[in-house]
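These notes open a run of structures that come right after.
The two complexes that follow have chain A in common; it is paired with chain B in the first and with chain C in the second.
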Partner chain A sequence: MKVILDGKEVDAEAGRTILEVARANGVDIPTLCHVPALEPAAMCRLCTVELVEGRRSRLVTACNFPLRGEVEIKTDTPRLRKGRKVLIELLHTRCPDSVVLKELAERYGADLARFPDDNKDCVVCGLCVRVCERIGANVLALSGRGVEIRVNTSFGRTARHCIGCGACAQICPVEKIRIRDEEAERVVIVCGREAARIPLRPCSSCGKPFGPVIDLSLVMERAGEAQVPAFNLLVCPACSRRSHARRLAERHFEQYDIEPAPGGGAE
Partner chain B sequence: MATAPRAAAAPSYAKKFACAGELEQYRQALIERTDPAAPRILVCCGTGCKAVGSLDLLEAMKGAVSAAGAQVRVMPEIKRTGCHGFCSRGPLMSFQPENLFYQRVQPADAEEIVRETILGGKRVQKFLYTPPGSKEPIATVDEIPFFAKQTKLVLKRVGRIDPFDINDALVHGAYKGLVKALTEMTPAQVIEEIKTSRLRGRGGGGFPAGVKWESCAKQPGRHYIICNGDEGDPGAFMDASVMEGDPHAVIEGMAIAAYAIGSDRGFFYVRFEYPLAVQTLTRAIRQAEEMGLIGENVLGTRFTFKVSISTGAGAFVCGESSALMSSLEGKVGRPRPKYIRSTERGFRDSPSNLNNVETYANVPEIILRGGAWYTGIGTERSTGTKVFSLTGNVHNVGLVEVPMGSSLREIVYGIGGGIPNRKELKAVQTGGPSGGCIPIPKKFLDINVGFGRLAEIGSMMGSGGMIVMDENTCMVEVSRYFISFLVGESCGQCAPCREGLTRMKEILTRITRGEGRPGDVELLEEIGTFTNSFSLCGLGTSSANPVLSTIRYFREEYDAHIRDKKCPSGVCKPLFYYEIDPATCTGCGLCRVKCPAKAIAGEKKKPHTIHQDLCIKCMECYKNCKFTSIRIM
Partner chain C sequence: MPEAQAICQEPEVDFTVLDRIIFDDYGGNREAMIMMMQAIQRQYRFLPEPALQYISQAIGIPLTKIYEVATFYASFSLVPKGRHIMHVCTGTACHLKGSGGLVQHVAARMGLDGGGTTPDLKFTLETVNCLGACAVSPVVVLDDRYYPKANVGQLNRLIEQIDTE
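Then we have the complex of A and B:
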């Protein structure tokens, strides 16, 4: 199937989204709420492009529009640039210190002083929610309606069933989710509010807390990788590496009557 | 004289009808037992009349009639009906067969009515309707312009039958369309008939119903029929009245759609705020099921159709089809970000046909009388009739049904009776919060109301809300009102709608407070155009219409607010003051008496003055002055 992308004819597989085809052909469409691994939600609307079918032209979001016929796509028209500019200005009020938005503002000539700052610390792209549903423990959800909408836990309580995987913090485009390991607990902070608190397991060797106490089999099932060997749940990675090295050294050097170096380090 | 039996007991039905013939026999038996000349009193128990005490009236009437007992020659049947339509005149009551119409009747009046009208056969003058500007009361429904100028198609049984009694509906012809479809037509023929009728969706979009049914029927898998009864527009009550007044018409329409599309399961999605509609529908579904008019093997055929009711949780956005389906599935009611028609994959990822209450209510009559007959009503591109809820600054507030293509003049002046208090008509708002304001006096009074024409001038048909606005309506405030409604009702998931609306509300609030800045109108236009083109769902892509249409037609009002810091209509309190014109003030003192803030002073028969520091701008003096001496400055 052929489609016309910004004036050039390119090949496209039917059913692919506009964004996939554009990226495969080196055309950059800005996105904020999209990662290829998750189902598109079309919430940020930044990837809106113009679709020309026959004589009709309409705006669609590139991230979730499946190509079905021969159409023309325009990804960078004055109308789109103008819309994206307003969109970036509006989103910037929610997150004035975001690096991503500043870069986008530069690209589209957005006037960031036009609207007063709101400092909501979140652009409601929904990525954290979707990633939590997909690979985390379904702790986060969008609650509230309209302007009240925000990323929240059930009933706004500190979640206890979070697995502390950190996917939300990693995926957040405006970097407003933080993970902090306190004494014997891991704390997930979403937009300045404590969202989850998970106890950490102390290492049976050195005694330092190292990983969240979770039901690992559920996580493995969700990840769909049953073949991965179970982790050693009792010993922290550092101690595990150390003891592994010591065992290696013992096995290889003892037969030559060489004393392993004291402290377990085996070079 | 001996009391005649109230009405012969309805023939009993022990089981489901095994075939269409049995139903028709039963219907015939019912009709024969009903004497058309027998006296009947219809008490309106629609939501509007209920709110002003019509249920008490109903009881009082029953009590008064049975108290009169033996004196009554023929005991009248007192019927509880759905909305009569003339809501501003409630509680309403009409007397059959002479079609006598009484309005603003209180429970305490029941005895007098029984004594005078039922026993004495006289018309009580004070209950008769007198049109504005006239002194002659009009006695019967057929002569009252509000009713006489309407064409009742969808509402033909609303207000005439008891919605809780299926027998009454059957006497008036319910389920005849379904019988015809099941016995004489194939599903394809049904679809063809609807396509011939060019019936368009009445929920607002105006998508041709026949085309939708056809594309849904083509899909493989289990099909669902959904009825959208989530009517959330402020000031709209068309669907409520149909569901409350004639639930069987909607159920029948859905059953015909199910037969045409090949579905065996239907859902009503009724908004939480319509408890009466849920009651009538629940009862109607149960009665229809007991008779075998829906349910398994309808009328002995292989067609099976089960219906149930789901209620919303109070979100306006759930009137959007994909959000409605999410909500029906038990998920959060947010529109789905998918470029797939719900006729392909909708409810439970199956092909689903969703239509509005009014669309389904049109169907039985089309099947019965043919699509070609239907195209004879209305215009070429918008066929049939449309029910409007006429509200705002108009004499006759209520429910009206007119052929598509009727002019606004006909609706507002002919049926609506014009604008009260000698004021000028300024605009008509159609299409609910996502619609637009049409400036009337200037150009559009004779505009034909239909799908295409309204969209051309920047408004839309919507589901049929029609708000009439007089000269004392500030268009900036109107647009601020609708935008703040939408701010609260936007689902919030997509950025343009959520953020755009928030900013527009902020700017509009600023303007109405007198803090508008030069360039605000351009900024509103920029955000509005952006929101309308970049949003995800139908709610978002029309959310800026109130702002854009008022800027388009009432730009000078925005300028007056921003540049001159004046509200010419006298609504935005910081932006105007009242002044008494000494030349015309006669010093009658009425304003002084009426003023709750005691801000008006003056000697008798001498021009009065208003103390501006005390004035709270409540409009009492302005409204009451007989000499229009009070001016908005």
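Then we have the complex of A and C:
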């Protein structure tokens, strides 16, 4: 199947999205809410492109528009640039200190002072919610609708069933989700609010908390390794490495003195 | 008011009723989640949290997804509503015909701040955006009964009826 992409004829497999075909052909369409591993949701609208049908063209979101026939697509027209500029200006009001939005603003000549700031630390792209469903433990939800939609937890309470995987913080395009280990608890902060709090597991060797106390069987099942423990659940990685190194040394280098030098920083 | 105190408490969720709704009426089918929620809302006049948790377990849909749906639709409520629910239309036509005044009047009379539920859970006042009956505006709906061309005197009589219960 052939499609015309920005005036050039390119090959496209039927059923692929416009975004996939464009990226495969080196055409950059900006996105905030798209990650190839997750179902597209078309939340940020930045990937909007023009689909030419006869003499008319309509605007569609590239990330979730599967190609069915031989069509013409334009990804960078004055109409699109203008739309993206306004979108960036509006998204920026919700996240005034986002680096990604500043870069996009530069690219599309957005006037970041045009609208007053309304800092919400979130652009409601929904990535954290989608990744939490896929990788995490269904802690995050998009509650409400329209202007009231926001990333939330069930009943707005601090969740206790979070597994502390950190996927939400890693995937957030504006890098506003924070994960902090406090004493013996891991805290997930979304939109400036405490979304989840989970106890940390203390290392049986050094006693320092090192990972969240969670139901690992669920995680390993999802990872496709129902039976194989990924790591020793009782010892922290640092202690585990140390004891492993010690055993190696004892086995192969017994002629050497493996006791740490007095005062030497063996830790 | 010891009686009011008792009414204020959240109703005890009867899990046999939930089982009947989830499994007998809808066969435990996850596609029927919204219908189950509507049935629960009819039963309790809101969605009690334990009931939502029970559906989540019963049909295998995460509680967060159910919460998303419950907060998306205005017809679902997560807080208890009154035994009598009044909707006042504030659509364009009703607004021009003075529905704002009706809302103010009822709210003041029931001691509500622009809308909501009285503490004794007797009465809930809500505004809606359009009821599709603009020709007979302003429209008021009390307990699913429509009152066209509503006026303050008529609403006063309705409220008096509720008050005397």
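Just a few scattered comments:
As a working rule, the second predicted complex is superposed on the first by the 247 of 267 C-alpha atoms of A that agree within 3 Å, B and C clash if a C-alpha of one lies under 4 Å from a C-alpha of the other, contacts with A are read in each partner's own complex, and residues count from 1 in each chain.
Heads up, the rule we're going with is that contacts are C-beta pairs under 8 Å (C-beta built on N, C-alpha and C of every residue); 3 or more make two chains touch, one makes a residue touch a chain.
Owing to the predicted nature of the structure, the values given are computational and were not obtained by experimental measurement.
When both complexes are superposed on chain A, chain B and chain C occupy overlapping space and clash. When both complexes are overlaid on chain A, the residue A:82 reaches chain B alone and has no touch with chain C. Residue contacts after overlaying the shared chain place A:139 against chain C, while chain B stays out of touching range.
When the two complexes are overlaid on their common chain A, residue A:40 makes contact with chain B while staying clear of chain C. After overlaying the two complexes on the shared chain, residue contacts for A:66 are found with chain B alone; chain C is out of touch. Judged by the number of chain A residues each one touches, B leads among chain B and chain C.
When the two complexes are overlaid on their common chain A, residue A:48 makes contact with chain B while staying clear of chain C.
Of the two partner chains placed by superposition, only chain C is touched by A:155; chain B is not.
With both structures placed on the common chain, the touch criterion links A:124 to chain B but leaves chain C unconnected.
Comparing the two interfaces of chain A, the one with chain B and the one with chain C have residues 142, 144-145 in common. Taken together, the chain A residues at the contact with chain C in this complex read 129, 132-133, 138-145, 152-155.
Those residues of chain A whose C-beta lies close enough to touch chain B in the complex are 40-46, 48, 59-61, 64-66, 79, 82-83, 86-87, 90-91, 93-94, 115, 123-124, 126, 142, 144-149. By the touch criterion given at the top, residues 49, 62-65, 67-68, 71-72, 78 of chain C touch chain A in their complex.
Of all residues in chain B, only 315, 317, 332, 337-339, 487-496, 498-503, 526-527, 530, 533-536 touch chain A in the complex they form.
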